[in-house]
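Each of the next two complexes has chain A plus one other chain: chain B in the first, chain C in the second.
After this line comes the complex of A and B, so read on.
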């Protein structure tokens, strides 16, 4: 049985969510503080127990990997909270964000069908509510799409779990390894369900709308924190030894995602829309590495998503600062007016493009190396082509950041946002010089 | 061996100098410029003092330590004569570029930082023998030089900067993929070039990997048809940017080609070298002919760079002693002469507001110092005997005759065309009459300093060739590859 300390993060986030929900209608400011406090406390609880001995319950693993990725999920949740603006009439944002983070933390430890489903659905449902918070047309469209597609994905996932149970008589995920025909169907359906959350083509349709219509912070959570948790689940399932169809499907989705995501991002002028389509491409790189089955693939996938998170958070935060539906021209010369926002945006985009000195450069390194180790030449060629396209469309935006065209009207950057931007930039740069700081942690966490 | 950290200091001094320059503006007027000059000057002193230490055979100094061991990353810095010569070029041109941008006050902290970071990254390229670290610095160079063009450039600078960045970043992916392959396929994960060079790599794989490396190098060099970024980048860049582009960035392409293909993939290089020769031959004629047709002085010099770097490419792909030596000398010589021409044209543009050859002229009467400086570097551009450029091109042609007489004759033809464009430029700028240059202020003392420095370097290496050739010996011998042209 896991100790109380092992469950403390989940308890903190859960009680925090309930308290924040109660406080929200009357004291929205307090709800924010409660959410922030709960997240920081959960981070501390996870960080302190990083090296503790493993424990395992039927539902949740309490191992180094769940703590490390749980920590990243909480930190990303904190990052999203930093620029969650009280849009529209509703004030439940912080509470919903806590619920979604709770789902993420559960998902990072999921070793059982129930916890997998619970974690995923907690994220999805909280995110649907977060997406529609502004209560305007684009937000409703984003939430509606996410809800419909999410429901379909959840049904698929449930069917996969049911088939797995039928084949093995067990609901523990590790029992799903094997070569039976029924398990093949189970693996295919599980993959489809998870691919939806990771936004792999053809399950990516919600992404561009969510990034443009939903509040920036909600989109950031869907792109960063939630994907860290989903990649952890993928890594766990990958280690189980699922039927062939798993790797095959993952590889196919990956190839198509890299190609289509990057091609679609190529001509976008909206900052958020570009980030949305390109996130499909980035998810493709991760899936490609996992599909090869190379020994270094799990570490590569986790390293990539963890370095992707701060870059996406910083980029979406700056986009949200300028306003909703920020276009490429709005970034013109921003570094001269808001040096921190401009520098953070530039660092984030350079990292997403994979140029040094940024974490993204080494992200590219681990992914390409995994593809080479796995001898996945077709996926490698696609990844190179995708990176080439990425270099073009990211740098287009970087070019404007430094343009000499001062325009005085600019919103203020408040302290939570300043903290987020500073921290994200620091993480990107430090990991761009010392990638081993993170990679060693990830390797130690993998079995 | 020298003392322990000198090579590291050559990279870190400009890097941290750049960070200091970024914030130095608040310490006093022009503080950021003095910080930049101090950092580069100190690095230059360290470099020169290291030349007098006892080397280890070909190597003047070698440094090794771990960077990120779990990724197989090591810092392996090694300097032989070729790296040493190019480092002198890099630091000297860094100082020159700080001086020529003295009057730019707009965001001057970031300007000087970008100059220093470009120098720091290219120093890293010239020193690194861990292939991943090499690739790291290779890509890193792009970011500050991109800023130089897009923030302080002229005309349609954003488009030019983006073109520069995209061409080079995309081509760099070839290098990255090949380097990752080399790292992942060894017995242990290592990017140590000396270890990789020991491996037996199958011939077909060598050719593929070499194509990846060559993509990055040939775009940076640049050789037609991969040169499309260069004329715009050079023309729209500020003077300091043009100096660093022509003097430094193009040389990193030539350096990479000189250093790594013969070392890592000797057989693959022997197979592909004839194609390199053909590309170089085409480029040398194409660049020279296009230079003849330009009316924008800066664009003209940019195309001459294409022609000259194509000759360097031929020298490297020739694979014989003379052609390689010539390529090495020409790299250094062209760095000095091309940057001096960009400096002069930039100074002229600041005063007259035009670079159009049809509107310029009359310098000989109105600004004799200008005219004299132009005279020196025109002779360098057309490889007049006595300049280092002559030495380089003559050696390449000598070597070419040992490889294949057709390529040798093409190089000669390119030299003849260089006389056409250089005299045309000279005549249009220095002689004749122009309303625009009537009240022209002659070169100031601050502009004369770099000019004299570059002129002395050009003539010194032309008159005392053994100075440079002695230093390049070791690198040239390591790059010898038997090339047979069918």
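After this line comes the complex of A and C, so read on.
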């Protein structure tokens, strides 16, 4: 049983979700404030205990890694809340977002089959409800795809956990290390279940629909906060020493994801759809680093996903500001009309492309270093090709942002969105100059 | 003796499960599903896992089938729909069957390899309760959050659409 202080973030998010749900029908504005307050309080609770000694527990790890990644999950949740539009028939959006963040925080500390499954399912179910909030056709399609594929992934994951239990007699994840035949099947099924959440290629079908059909904030949560939590779970499982098939499967999924994700993104004119397909490619880089088994791979994977989160949040926020079906032409000259939105979009896209003086550059750098260290030459070649493709299609969008255009329609930017865009840009630029600020924290958090 | 009973119950469960997925009429499928779930409960009882058997009856044969009944009420049960389902079942069974085979393969392999038998799980109600209210209290609370999210989503989806 972990101490009260260790459970405080979970308690804050849980009670916040219930309070926000109760306040939502009558006072939707208050529900947003409650959700924001609960997220900030959880962030503070996690940040204050960052250096506390590790605690022992059956279900949830209370170590530096869970606190650091939990903090990133809460901050990304806060970022998604900033541009969660209150329109639509239901006002429960903030409560659902808090529940999804709760799932993410549970997942970052998961060291047991039960907490792993509960965390993943809480994220999935809350996200399904968030996806269908607008109740129109594209949103319903995104929600049902995510629900059905998510159920299949959950069944696969459960079967993997059951086989692991049959082979070892334990449900603790650290017991799953070994070379037995049953464990091999368990690792393969576990990987398939987790690859769905990370949107690696055979399991990525929900991503483009979610990014275009669902509200921008929900898609941003699925792409940023939830992936931070899943990468943490992958890093934890990777450290267990699972059978060979784990690394083999990760490498295969990674290679295909990098190639197909970037090639599909190349042909997209919709901003959200391009971001959706390219997120498949980005997940591929992370899986590639983890597949090599290099010593620096876990730090590289975590650094990459943490730098990816603010860029994706800023890009999706601007896309949501302009409208749901934002095409590439809608971005023309936005920096002259809305300097903050345009600059944030440009910084985000430059970071996603992995160009210097942005956080994404060092993200790519640590991934490539891990691939070289692990001597994974085929994956390295694919990653370089994918980055080149990425630079091409991201810069297409960046160039348009700065082109002058007479345009009357001005999207209104409210203060939460302004704060998010400013903070994300600042993080991207600061980490682009001083990546060691974050990298040192991550290295200290890894065992 | 109890082994024989368990094998008998398991065979009945398997046969009922196969019938459940091959019946074109949804009500028939549901009844076979109930039969499969109940014979699985009988299997648990025969193996001496009384608590698991009771939970199987209460949750699966009880609560989950009740949800299915609601689905049946909304499903189209006209003769045309029945014919459509028949046509679909005639060709669409191969891929699901392959998926089941893929998942069942490791189980069979594990039985042949004789994997280490899991440590004796606490099967009695009191010991399970002690775990759920002790070290697993967090998991119980998180599971309640899971239900809350599902409830909010279901309520939202069930909302009557406003006419444009």
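Side notes on the structure shown:
Here is the rule we use: the second predicted complex is superposed on the first by the 445 of 447 C-alpha atoms of A that agree within 3 Å, B and C clash if a C-alpha of one lies under 4 Å from a C-alpha of the other, contacts with A are read in each partner's own complex, and residues count from 1 in each chain.
Convention: a residue touches a chain if its C-beta (ideal position, glycine included) is under 8 Å from a C-beta of that chain, and two chains touch if they have at least 3 such contacts.
These numbers were taken from a predicted model, which means no experiment stands behind them.
Overlay on chain A: chain B and chain C fit together in the combined arrangement.
In the superposed model, A:395 lies in contact with chain B only, and not with chain C. Contacts of A:125 after superposition: chain C is touched, whereas chain B is not reached. Of the two partner chains, neither chain B nor chain C is touched by A:235.
Chain centres taken from Cα atoms put the angle at chain A, between chain B and chain C, at 150 degrees to the nearest 10. Touching more residues of chain A than its counterpart among chain B and chain C is C. In the superposed pair of complexes, A:218 makes contact with neither chain B nor chain C.
By the touch criterion stated above, A:357 is placed in contact with chain B alone, chain C being left untouched.
Legend: residue contacts after superposition of the two complexes on their common chain; A:291 is shown touching neither chain B nor chain C.
For the pair chain B and chain C, the least inter-chain C-alpha distance in the overlaid model is 38 Å.
Of the residues of chain A, not a single one touches chain B in one of the two structures and chain C in the other. Residue ranges on chain C touching chain A, taken from their complex, read 103, 105-107, 109-110, 113, 115-119, 134-139, 141-143, 145-146, 148-150, 152-153, 156-157, 159, 161-162. By the touch criterion stated above, chain B contacts chain A in their complex at residues 68-71, 73, 106-107, 132, 136-137, 139-140, 142-143, 146-147, 150-151, 158, 161-162, 165-166, 169-170, 173-174, 176-177, 180-181, 183-185.
Here chain A touches chain C in the complex through residues 1-2, 7, 10, 14, 17-18, 21, 57-60, 89-90, 92, 95-96, 99-100, 102-103, 106, 114-115, 118-119, 121-122, 125-126, 128-129, 132-133, 135, 159, 163, 165-170, 180-182, 185-186, 189, going by the rule given at the top. Chain A contributes residues 336, 350, 353, 355-357, 361-362, 364-366, 368-369, 372-373, 380, 384, 387-388, 391-392, 395-396, 398-400, 402-404, 434-436, 439-440, 443 to its touches with chain B in the complex.
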